[in-house]
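Alright, structures below, take your time with them.
Two complexes, one shared chain (subunit A), two partners (subunit B, subunit C).
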Partner chain A sequence: MDALLLQVLNGLDKGSAYALIALGLTLIFGTLGVVNFAHGALFMLGAFCAVTMQRILTLSYEVVDETRTDFLGNPLKVDVPYVQSWFGDSVGGGIIDWAVPISLLMAVPVMIFVGFAMERGLIKHFYKRPHADQILVTFGLAIVLQEIIKYFYGANPIPTPAPDAFAGSFDFGAMLGMQAGSIIYPYWRLVYFFFALAIIGGVFAFLQFTTFGMVVRAGMADRETVGLLGIDIDRRFTIMFAIAAVVAGLAGVMYAPINSPNYHMGMDFLVLSFVVVVVGGMGSLPGAVAAGFVLGILESFASMAEVVAFLPGINQIIIYLVAIIILLTRPRGLMGRKGVMED
Partner chain B sequence: MLGLNRKDSLLFVVVICLTMFAPFLLNPFPEGSELAQFNAGYPDLMQRFVIFGIFAIGFNILFGLTGYLSFGHAAFLGVGSYAGVWMMKLLTMNVIPAILISVVVAGLFSVLVGYISLRRSGIYFSILTLAFAQMSFSLAYSVLTPITNGETGLQLSLNDPRILGVSEVDGSIPPANLFGLSMRDSTELAMGNWLFTFNVGYYLSAVVMLIAFYVAIRIFRSPFGMMLRAVKSNQQRLNYTGLNTKPYTLAAFVISGMYAGLAGGLMVAMDPLAGAERMQWTASGEVVLMTILGGAGTLIGPILGAGFIKYFENIFSKINESILHQWFAFLPDGLEDALVFMVYPFIGKGWHLTLGIMFMLVVIFLPGGLVEGGQRLGRLFRRRRKTDTKPGAGATEPAE
Partner chain C sequence: MSKTDLTRRGVMKTGAVAGAGLAVPTIFTARSASAFVNEPTGGSVTLGFNVPQTGPYADEGADELRAYELAVEHLNGGGDGGMLSTFSSKTLDGTGILGKKVEYVTGDTQTKSDAARASAKSMIEKDGAIMITGGSSSGVAVAVQALCQEAGIIFMAGLTHSNDTTGKDRKANGFRHFFNSYMSGAALAPVLANAYGTDRKAYHLTADYNWGYTTEEAITSATEAMGWETVETVKTPLAATDFSAYITPVLQSDADVLVLNHYGGNMVNSLTNAVQFGLRDRIVNGKQFEIVVPLYSRLMARGAGENVKGIFGSTNWHWSLQDEGSKAFTRSFGTKYGFPPSQAAHTCYVQTLLYADAVQRAGSFNPCAVVEALEGFEFDGLGNGPTLYRAEDHQCFKDVLVVRGKENPTSEFDLLEIVEITPVAQVTYPHDHPQFAGGALGSCNPGV
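Let's look at the complex of A and B:
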């Protein structure tokens, strides 16, 4: 029992990331009808927002510390971050420690800007072109974004630690009254899961309970009619694109402590997220979210030692295998809407 | 000639000349001069030109004709490479069986993948092929290690049986050969300051590529090719006329898979090792880039694209900061530094950035790739010449 629970928990953080990226992909696809291969790059940009924030906060100057000496007997030079000298050790140190959550604040405007620029500057011109062209141009854009990040940050992963308060792990099993030590779970993964839930809930609430969301949903169902009613649907869809970019970016920011960001992390996630979208059903938001979590958990089940011993290599291919089976048996995906991308 | 019409024969002859005289054409700059680094006439690179040319020609038969965008084509190349190396390990170092088995194995694998993937089209097809390729890649790294040798890659060793050949020659692995003609053999010809290298491996690959190219032309011009184009332009209508398109698309898929296997086999023949990274989806992406950049759906486009990308990958990525400083040395210091600073991100390790930007520009402005670019330029000049006689008569038949 606890082994199963552990696998479910392990699957949650990856599943959350898949769900968030797939949600963004589906938003873009459902509104604009564009297949965005650069969405993984947006996720990566988000993660690098965290890296950048961390670097900004730890910008420092050298101070000579008279009380300590280095091994040659000279006074020791210590790097003191500006933030720390402005706000004092405890507050400043705290700010630096909380770099990742703080970078959420930076990521929102950055991602909105990137989203707008992408949609207005590039994707707008591709509405009428075939899907293959959309895939190709966004694929090119993803390469460009990756290489820009690689140029500025190098090719190696950059560790971006979570705040100390969430750094360790806790004994989840003991909390549920099971044997102590049976389920040890890192705090940050739980934070990530709840964060993902909050974002997903936010997006759904936004679409469901606001007038803006209602118009967008109407536009997804029948764009032409909404346009005939005198509503500028294009502008709203552009905003939805920016929102999707923000979702991907925030997912990236919070994922930075789990996996140190590197320039090609987006692509790794993108391939899987596309599979998730297809499994969930093209154009279905609940489908994308559900499929994200299900596949994340399935992946972690498949990597259990017992399963791998029984079916070697299954942990590597489970997601693709599921996708192939789903696509062949339920062509519309788990919750696909009728009439969306059917051929 | 050979059942081709005049235009195609001309194109074919041009390609024959280009490949046969490549060691001259690609070595225009004398040895030791400043520009010698732009020479591409060394065997390794020339081999890559033609091998990736084959790969791209094959991909183009699928994508260019039927419009099915496969994002997992490198899997066939990888499978072919593995099969080829195994042939060299078990049977003989002669390259013929290795190349043949590569084609056959890749063909069989593509029958399997194609049969399943072709049940869907559009983006779903892309995802399915991608999923298959990623699966092969992951499996090659993990479970199939006994066959693929995992991360190290499959290599030849001295203890291999090689039933029809010899296990070792003077304590080293015998070189890959074609009936005793080693692939590594080269003849060098020095003319003044120029040094031209004629490599056996290159010429074998070039001949194979010419055959592959010829077959591709025949496919493009055949009723079968016509049918594939019909699939691209309107599959639904074909279905309504009561025609089952599946056998045609599957045939195209398998043919292009076999081309990929052929490329993989040749790679092994040139350099007998195979690694899983050849199957990664970035490798599949590369052949997509080549085909689109050159011009999908055209005959010569994929070869151009492959040559273009491989050339710039090799030459551009060698240029470093000090070379840039040399080039701009004639400028005043400040300007020199500024120029180097601006150009530097795009060359050397940043070559992929240039590639990405170029690719985007091509997709946005030139959906027909370099070939369309060439045609537009040609039309522009022709129109200018003809303005006084027949205005607006510049509409030429698209050369393919």
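Let's look at the complex of A and C:
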């Protein structure tokens, strides 16, 4: 029982990442009709916003420590962050410690800019081109973004820890009256899950309860009619692209402490996120979110030693297997609508 | 009117004899020119450095390339000479190899076997490389080693830790200076038993590929010999990035040690996840839960950050070693690049010197002469103490370092501290040991 509960919990944070990326993908596909293979790269850029903020906050000057020597036998140069010398050890140290949450503030404008630049500079030229062209150009863009990040940050993962306040794990076992330590879950993963819920809720609320959202939804349903009503739907869709980029970016920022960011992390999520979108139903926002969580949890279960011992390799194919079964039984995905990707 | 005795038969005879006579020197010249493939004929010789320049191990490849450039500089008489002055063999004098200036070409392995073979092939066929060296993965090393064997080129392996490189996949033209999984197990197990006791239950997470298997086998057999019990071994996909689903079953088991048979990004992520899930804060069976990483590299330790503190592992070499060879190399590398070298850089630098020295001693670039010079070669002064290049499997036998993540690092390069220098006798095994069975060197191939 506790093993099952643990795997559900495990699936939630991974599912959160899948859901957030798939949500952005669906927003872009639903509005602009573009299959954006660069979406994983936006997730990666978000994570590197956290890395960049950490580097900014730890910008240092060198102080020579005569009592110690470096590897060449010279007096050791110790880096002292400016923030720490300006605000003192406790306040300055605290600011550095909270680099990841602080970087959310930086990630929003950065991702809006990146989203606008991508859409206006490249993707808008491919609206009327076949999906294959869109995939090629966005995939190429993803590789370019990856290589840029690798050029500046290197190929190695860069540790980006969560604030100390969220270090350690929450003991669900003790809370549920089971044996203490039997079900533990890292605090930051819980934070990530609730953060994802908040972002997903925010996007749905924005689309559901604002005039802007209503117009966008109308445009998703019937772009031509909305255009005929004199509404500049293209401009709104461009804004939606930027919002989708922000969602992916914020998902990346908060994911940075879970696994040290590297230039390739976007690709690791991209393909699975596409499967999530297809399973959820092309163009369906609730479908993308639901499929994200379901597949995240299924993947966790399939990784259990007992399951792998029974069905070797199942952990690597479970998502694709589920996708095949769902597409055979429900060709439009879990919540897909008629007419989407069927022209 | 002059008389001529020309007959058809006579002309043919004369022509045949003259033709044969003229051809004789050509045959001899041709034979001597192609005694072995890519024989250097001008004033220079070309080495091929096949390292990951893109992909997940690009940083490690960059460090290898720095070391190779330094080695070439030293061989050609530049810089401070590095380990040339501490190397026990004194044949290298800074005038290149056999008086030929050393030049080099580079290839990008991308840490993919097919890409590595393609780049090695290109360096051999287009650039005329006489020797190929480098790499940061056992899969690549085994693939390129096999290619070099077929092509008649010497392969001096870079960072490759799988038993198979000098085990079932060993080749006569291939040589490995780096240590291997068996040696990691043999060096680590006594230290672990000493630090954590002999009554321990270990849970293994193992990368699902060749290196992972040999490392798991080496560590389980070495620790079981010390009294540990292996409660579970679980294979994890090489492409896995989040290991939480594999870490949580550890909580459910009664294991009190987690062994991470992972390298590179896998190790960074699995260790980070294990620490996040509070494994190191757990008390199981009345004992503190511990994590072990059999193969450490500084670049991985940097990726894992704070999480490596206090965790045991093994390495081939570390810049903080105080022997004259290590000090000379660290000074040379550190002065040129501003930071200390990694173990990957060290093994690549040493391999280049060992090759150059073997050619010098053999008096020939002929691969078979080089193989003969390297087989059974004993040397010192290259950072690992007295070392033997064993003839039977072309594996170097030398001391192995057991290290631990440092509690108070002074810089981003000062992450590991040496706990023990395991003497070579403790990590030596018979060449037909079961973990290395199934392979044969064959005979050297000069390529023609």
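In this section, the second predicted complex is superposed on the first by the 327 of 343 C-alpha atoms of A that agree within 3 Å, B and C clash if a C-alpha of one lies under 4 Å from a C-alpha of the other, contacts with A are read in each partner's own complex, and residues count from 1 in each chain.
The rule we apply is simple: a residue touches a chain if its C-beta (ideal position, glycine included) is under 8 Å from a C-beta of that chain, and two chains touch if they have at least 3 such contacts.
Note that the structure is predicted; figures quoted are calculated from it, not measured.
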Touched partner set for A:M265, first subunit B, second subunit C, both or neither: second
Touched partner set for A:L328, first subunit B, second subunit C, both or neither: first
Which of subunit B and subunit C A:L136 touches, first, second, both or neither: first
Which superposed partner A:S85 touches (first subunit B, second subunit C, both, neither): neither
Touching partner for A:Q316 - first (subunit B), second (subunit C), both, neither: both
First, second, both or neither for A:F274, with subunit B first and subunit C second: first
Partner chain(s) touched by A:V144 [first = subunit B, second = subunit C, both, neither]: first
First, second, both or neither for A:Q208, with subunit B first and subunit C second: neither
Those residues of subunit A which subunit B touches in one complex and subunit C touches in the other: 150, 316
For the subunit A and subunit C complex, residues of the former touching the latter: 2-3, 6-7, 10-11, 13-14, 68, 70-72, 76, 78, 150, 154-159, 161, 168-169, 181-186, 188-189, 258-260, 262, 264-265, 268, 299-300, 303-305, 308, 315-316
Footprint of subunit B on subunit A - complex, ascending: 35, 122, 125, 131-133, 135-137, 139-144, 146-148, 150-151, 267, 271, 274-275, 278, 282, 312-313, 316-317, 320-321, 323-324, 327-328, 331, 341, 343
Contact footprint of subunit A on subunit B as seen in their complex: 67, 69, 116, 119-124, 126-128, 130-132, 134-135, 138-139, 141-144, 235, 281-282, 285, 288, 292, 345, 349-350, 352-353, 355-357, 359-360, 363-364, 367
Subunit C residues within the subunit A interface of the complex: 54-59, 232, 234-235, 237, 239, 241-242, 244-246, 248-249, 251-252, 265, 268-269, 272-273, 276-278, 281-282, 299, 302-307, 319-320, 330-331, 334-335, 339-340, 410-411, 413-414
